[in-house]
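As written, the chains take the letters A, B, C and D, and residue 1 is the first residue of each chain.
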Amino acid sequence: MREIGIGIIGGGYMGKAHAVAMSAVGTVFDTALRPRLEMVAASSPESAERYCAAYGFARGTGDWRALVEDPRVEAVVIAAPQETHREIADAAFARGKPVMCEKPLGASVEDARAMVAAAEASGVANMVGFNYIRTPASQFARQLIAEGAIGEVTWFRGEHTEDFLADPETPFNWRCEGAANGTLGDLAPHMVNAALALLGPIASLSVNMETVHRNRPGGRVDNDDQAQLMCRFARGTMGQMHFSRIATGRKMGYAYEITGTKGAIRFDQEDQNAIHLYRAEGPEAARGFTRILTGPAHPDYLPFCQGPGHGTGYQDQIIIEARDFLRAIETGETVWPSFRDGLEVARVIETARASAHEGRWLDVETE
Amino acid sequence: MREIGIGIIGGGYMGKAHAVAMSAVGTVFDTALRPRLEMVAASSPESAERYCAAYGFARGTGDWRALVEDPRVEAVVIAAPQETHREIADAAFARGKPVMCEKPLGASVEDARAMVAAAEASGVANMVGFNYIRTPASQFARQLIAEGAIGEVTWFRGEHTEDFLADPETPFNWRCEGAANGTLGDLAPHMVNAALALLGPIASLSVNMETVHRNRPGGRVDNDDQAQLMCRFARGTMGQMHFSRIATGRKMGYAYEITGTKGAIRFDQEDQNAIHLYRAEGPEAARGFTRILTGPAHPDYLPFCQGPGHGTGYQDQIIIEARDFLRAIETGETVWPSFRDGLEVARVIETARASAHEGRWLDVETE
Amino acid sequence: MREIGIGIIGGGYMGKAHAVAMSAVGTVFDTALRPRLEMVAASSPESAERYCAAYGFARGTGDWRALVEDPRVEAVVIAAPQETHREIADAAFARGKPVMCEKPLGASVEDARAMVAAAEASGVANMVGFNYIRTPASQFARQLIAEGAIGEVTWFRGEHTEDFLADPETPFNWRCEGAANGTLGDLAPHMVNAALALLGPIASLSVNMETVHRNRPGGRVDNDDQAQLMCRFARGTMGQMHFSRIATGRKMGYAYEITGTKGAIRFDQEDQNAIHLYRAEGPEAARGFTRILTGPAHPDYLPFCQGPGHGTGYQDQIIIEARDFLRAIETGETVWPSFRDGLEVARVIETARASAHEGRWLDVETE
Amino acid sequence: MREIGIGIIGGGYMGKAHAVAMSAVGTVFDTALRPRLEMVAASSPESAERYCAAYGFARGTGDWRALVEDPRVEAVVIAAPQETHREIADAAFARGKPVMCEKPLGASVEDARAMVAAAEASGVANMVGFNYIRTPASQFARQLIAEGAIGEVTWFRGEHTEDFLADPETPFNWRCEGAANGTLGDLAPHMVNAALALLGPIASLSVNMETVHRNRPGGRVDNDDQAQLMCRFARGTMGQMHFSRIATGRKMGYAYEITGTKGAIRFDQEDQNAIHLYRAEGPEAARGFTRILTGPAHPDYLPFCQGPGHGTGYQDQIIIEARDFLRAIETGETVWPSFRDGLEVARVIETARASAHEGRWLDVETE
């Protein structure tokens, strides 16, 4: 057990989540490295000071470079907007500091490509914050598919839908401009990552995308409100996805259904402690989808609670990420999902956007 | 109250369903016309005899022409395979007899077009058997959308998925050959009809279709196991659909979700007596999807039962159809869905098939 | 196949349900006896005339004795209020006519006892209308328990809850007076019958009962709004029940959960086409409640539909009853639930009422 | 922001949960007092050392007295078995140290009474660990009832059911002996506390209790496997409860349904991020139970996540408790649930046990 100084850039939604995770992860997982909240950076000294006090960091700064360069900061978490990811990561890697970067990996596929190069050149730990796939339920889904529990996979449907911009009267905000902040740029990466993790590479796709609410109080929206796609996985499976920020009624619509020749899986993040499994075996009269509550028998659940069905939550996903990031730093081994995995996602998103513009099927190029 | 002699062609799955419906409809709905099970036709005199006895018809015949021509048969129900629909309908209309035809309307868009022409030339009642949209729940969904209860519609997702051919070891049968008997030809019409009924015409679509299990014991499959589509409705709404007969675990996966600016609707035929409605109104803390159990307050429920939540079933949908068919005969008014509505569906299916072959977006032509 | 003349007394909620069932049952089940709607009796000639026309009976009468005595009426269905059951049944049995009587069996345990005596003396078919236990799902639950699929049964919880009198402003009506029309008298019999069918006799019980809304517009309520009980089954299992007509939000709250050493069953009539089964076997990680949709693999489903998950409804339960009643008449065999089964229920209800008044545990006497 | 040294007695299931909570609470809630994991006590020096290292405490001890007396330990958390609660609490209060004690409050009502006296004599913060009622959903339920959202409450049903001893072959362990470790002693307190929090005092009750599996490999069970009760709340409401550790299939069956004249609430901890609310208002056709996903609009949710529906878990409940305990220490104000609240629960449990033995209704005495 050794302490490690953590610097977090950003103290908003995700900056706080990572600060909590770093506070708790050692106790939850008995990690070899024990985080110390060393420094937080924000867009101004004042907000940095506020986050510093609220979350219990030793110091705050209005300049992320100061954080990256600080000798007591031994690992960097990037929880600032996508436009900042690349420059920060470059600076951290240049100093040989491990980086955990929030999704998406940069604001474009070029960013992602450059970030992978920098990460791999530095040789230090690098990881992307795809947290939803970390639930015990979704980890279990991966296991089931890998083990062949549902046979040969014949269908995938995924969605990431929320309704935070469903009301056309919701005022214009930063999420309303820039491709990286639209639905494809901001929400889709989570589900695309899930699709890749569950079924492997996507070979080709055809996308339809649109801005439903073009005008909002305060500004004109220039990015997408929703998108859908049809795709073909490299393994041959047919797939379908939908991404939306105007899905009225959906709060955390990260959901998938996966069908195989011998069974099927259904999952919805709005009931994240359950996974539904169908198996085409045994007498017909007893078949159906089984609602399995996660518990100690499922991946990464036990350290949170000894009782099955007692449940984990959003914050726990980030704690699981922190455990892996620390392990990567400690062991020097690559951890999933690395920047390279983030780049795979970025390439799918890029191709999706191109397909939407051209209105036709496109292959997803391999690097 | 006047008796009417009914002739049903086919005594299998749907032939029986219509025979039951004709037996019960008068008592359920106090119809002006009261059906008399006059005659049943099947592919052989023997099976006709069996159906005749089992269902309680006055007579049976191995020759559908005998049925159509019989003076005591005053209205014809076609519950034989799609390939037979056109010829039978033509013959019935030629004799001025009303026709209720099972879905799809013929085996091709040409069939459908010819059948509409014959129906309209004859001027007698004509109707297509899209029964699922008849549940009190789906009728209520139509009402809600028409009234604007969920605002401007921004998204539609529909599926018709079952698993009767999910097992690759299930032997080859007649559903495994001929486009009209594949997933797009056989299952899709129900959901396409629903989409049209709920949201209006589809302007364009892009389809992906495949045969997952090409070889089965007993033969080589030449039609589609599953298909998916992206579409744009004429009203501007983005849509997505999926059709499958290999959806392991799905028994009656006729399901849709419809999102609007002020609310959303979710329905799944596997829980046909409930509909889920979200309304973006009232305090945030009290919002969510409301599971509404159908009851006397919903369309066509009361005649089946005075108690809410007591439920209707598959057979009741056919009884509701029978009520409308009798009403059309009695009043001479067009009833929904008429052959023309069946043709609209056929055109979408035809365009879908073309899109799948060409691998690109196509417009759905209007006649 | 032989016709049989049916006389139904009562043309309200249940009278109509039985009329529909008698119209459809022959076609659905290919019964040896085929009902003919011969006569309907109501409280006045006018209403009888209305029912006669609406449901398609040959004749109507304001005097139930005329019906019972009519030679063309070969079997009698009692669908009039509980106070009338005994007298009508007596008259029918005296003429050797089979009787299907709506639940409860008479207005008191004395009625029930006398009715059993009359039925058994006559030797003709007799049956009580406990319809809910007839769903394919509940029949399957019976099978599962009988086969030991959930091991030794350790717990039973049942409820029959609805909300038709939940609003204290709902005006006084006939259900508001007379023990036989209160919650214990009117609703409880269904669930008590289910409990007996599923687990066998109840040995003892302790009951709590109350009238929540004593005054209603139009009158003072003299019977119970809700009741609950703890019980011990003769097989040793602990049980719990709840009955309510003021259960706001519950429309058809006929629900039970049954726990055993090797599994558990959950059922709710508000989702009548599904049953939830847990089995304590296989790997821990894959256990959970399986939502089984009823289909052709379950009792009495196939005659209604060939497709699983397509669903049956309230009316279909009555059709299943009709099939059994006809079979009993045809074969002369006792059919479940006979009047004797209705008496078992009546004795439990009677003991429950006594326990509620005395505020203590009472044994349920065996005859 | 000031540091406070925390000593935790017990490092098992709950000892760890509190250690995690104390690590995270400051960052989550920006508390005025910031916990420092000062010392952990266990039943042996070795296990204490293990916990110390794993969870990140400064020191460990095999003697809880050393912990209580340590000057750097400023507040004590008791997470050892019920038999130890009283002695430890007494010692801590004697030194003027605040105590957070896991449920139940001691091993008997005498313990609880003595502990309240000691706590009140000391005048320092005291709190009992009823965590399940802390979810945003259950806190919201309390609010709804208090505000009259469901009108006058007419019915309460609660259960706390799990299946950790459902298999009769599960070997004998400490939970199998001693009233305090049986189902009534161990599980019931959570739901009784919920009942009191939601509806207020229980006036009287009648209980039925049993040991289903008397013999287990390794020993003879002397306490209860399951119990049920009927009760009357002081406000007049009728209630029903069930507690079980042999409820096959139930993992976290902490569930309740509360009915009122204007609405109803349903909650099940196995889906802890949702609460179901029915309101008897608006058009009949749109009524039903609304599944509300918890989010920033609900109590104590926002500090965990800005997104609604993203979910909290078991561990987060303990973090909320820690926040309140720290607040109580800081402000000197009584916090809910205090030892006095724990005593209320203990009195109900005691009366329940007496009722079970006497087999009759008993009043719950007020102190």
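To be clear about the criterion, a residue touches a chain if its C-beta (ideal position, glycine included) is under 8 Å from a C-beta of that chain, and two chains touch if they have at least 3 such contacts.
Chain-to-protein mapping (UniProt): A, B, C, D = Myo-inositol 2-dehydrogenase.
A quick note: this is a predicted structure, and the numbers were derived from the prediction, not measured.
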Legend entry - Rotation, 0 to 180 degrees and nearest 5, that superposes chain A (Myo-inositol 2-dehydrogenase) on copy chain D (Myo-inositol 2-dehydrogenase) via CA atoms: 180
Inset, instruction - Quick one: point me to the chain whose Cα centre is farthest from that of chain C (Myo-inositol 2-dehydrogenase). - result: A
Inset, instruction - Measure off the straight-line distance from the CA centroid of chain B (Myo-inositol 2-dehydrogenase) to the CA centroid of chain C (Myo-inositol 2-dehydrogenase), and report it in whole Å. - result: 34
Legend entry - chain A (Myo-inositol 2-dehydrogenase)-chain B (Myo-inositol 2-dehydrogenase) separation of Cα centroids, rounded to whole Å: 42
Legend entry - Euclidean distance of C-alpha centroids - chain A (Myo-inositol 2-dehydrogenase) vs chain C (Myo-inositol 2-dehydrogenase), Å: 54
Legend entry - Multi-partner residues of chain D (Myo-inositol 2-dehydrogenase) (each touching 2 or more other chains): 250, 274, 287-289, 293, 295
Inset, instruction - Once you've mapped the touching chain pairs, tell me: line, ring, star, complete or other? - result: complete
Legend entry - Parts of chain A (Myo-inositol 2-dehydrogenase) lying in touch with chain C (Myo-inositol 2-dehydrogenase), wherever the complex brings them together: 140, 274, 277, 283-293, 295, 297-298
Legend entry - chain B (Myo-inositol 2-dehydrogenase) to chain C (Myo-inositol 2-dehydrogenase) touching residues, read off their complex: 1, 13, 16-17, 19-20, 23-24, 26-28, 30, 34, 37, 53-56, 162, 164, 250-252, 269-274, 293, 295, 304-316
Legend entry - chain A (Myo-inositol 2-dehydrogenase)-facing residues of chain B (Myo-inositol 2-dehydrogenase), complex: 150-151, 154-155, 157, 163, 166-168, 206, 208, 210, 212, 226, 228-230, 232, 238, 240, 242, 244, 246-250, 259-264, 278, 280, 287-289, 359-361
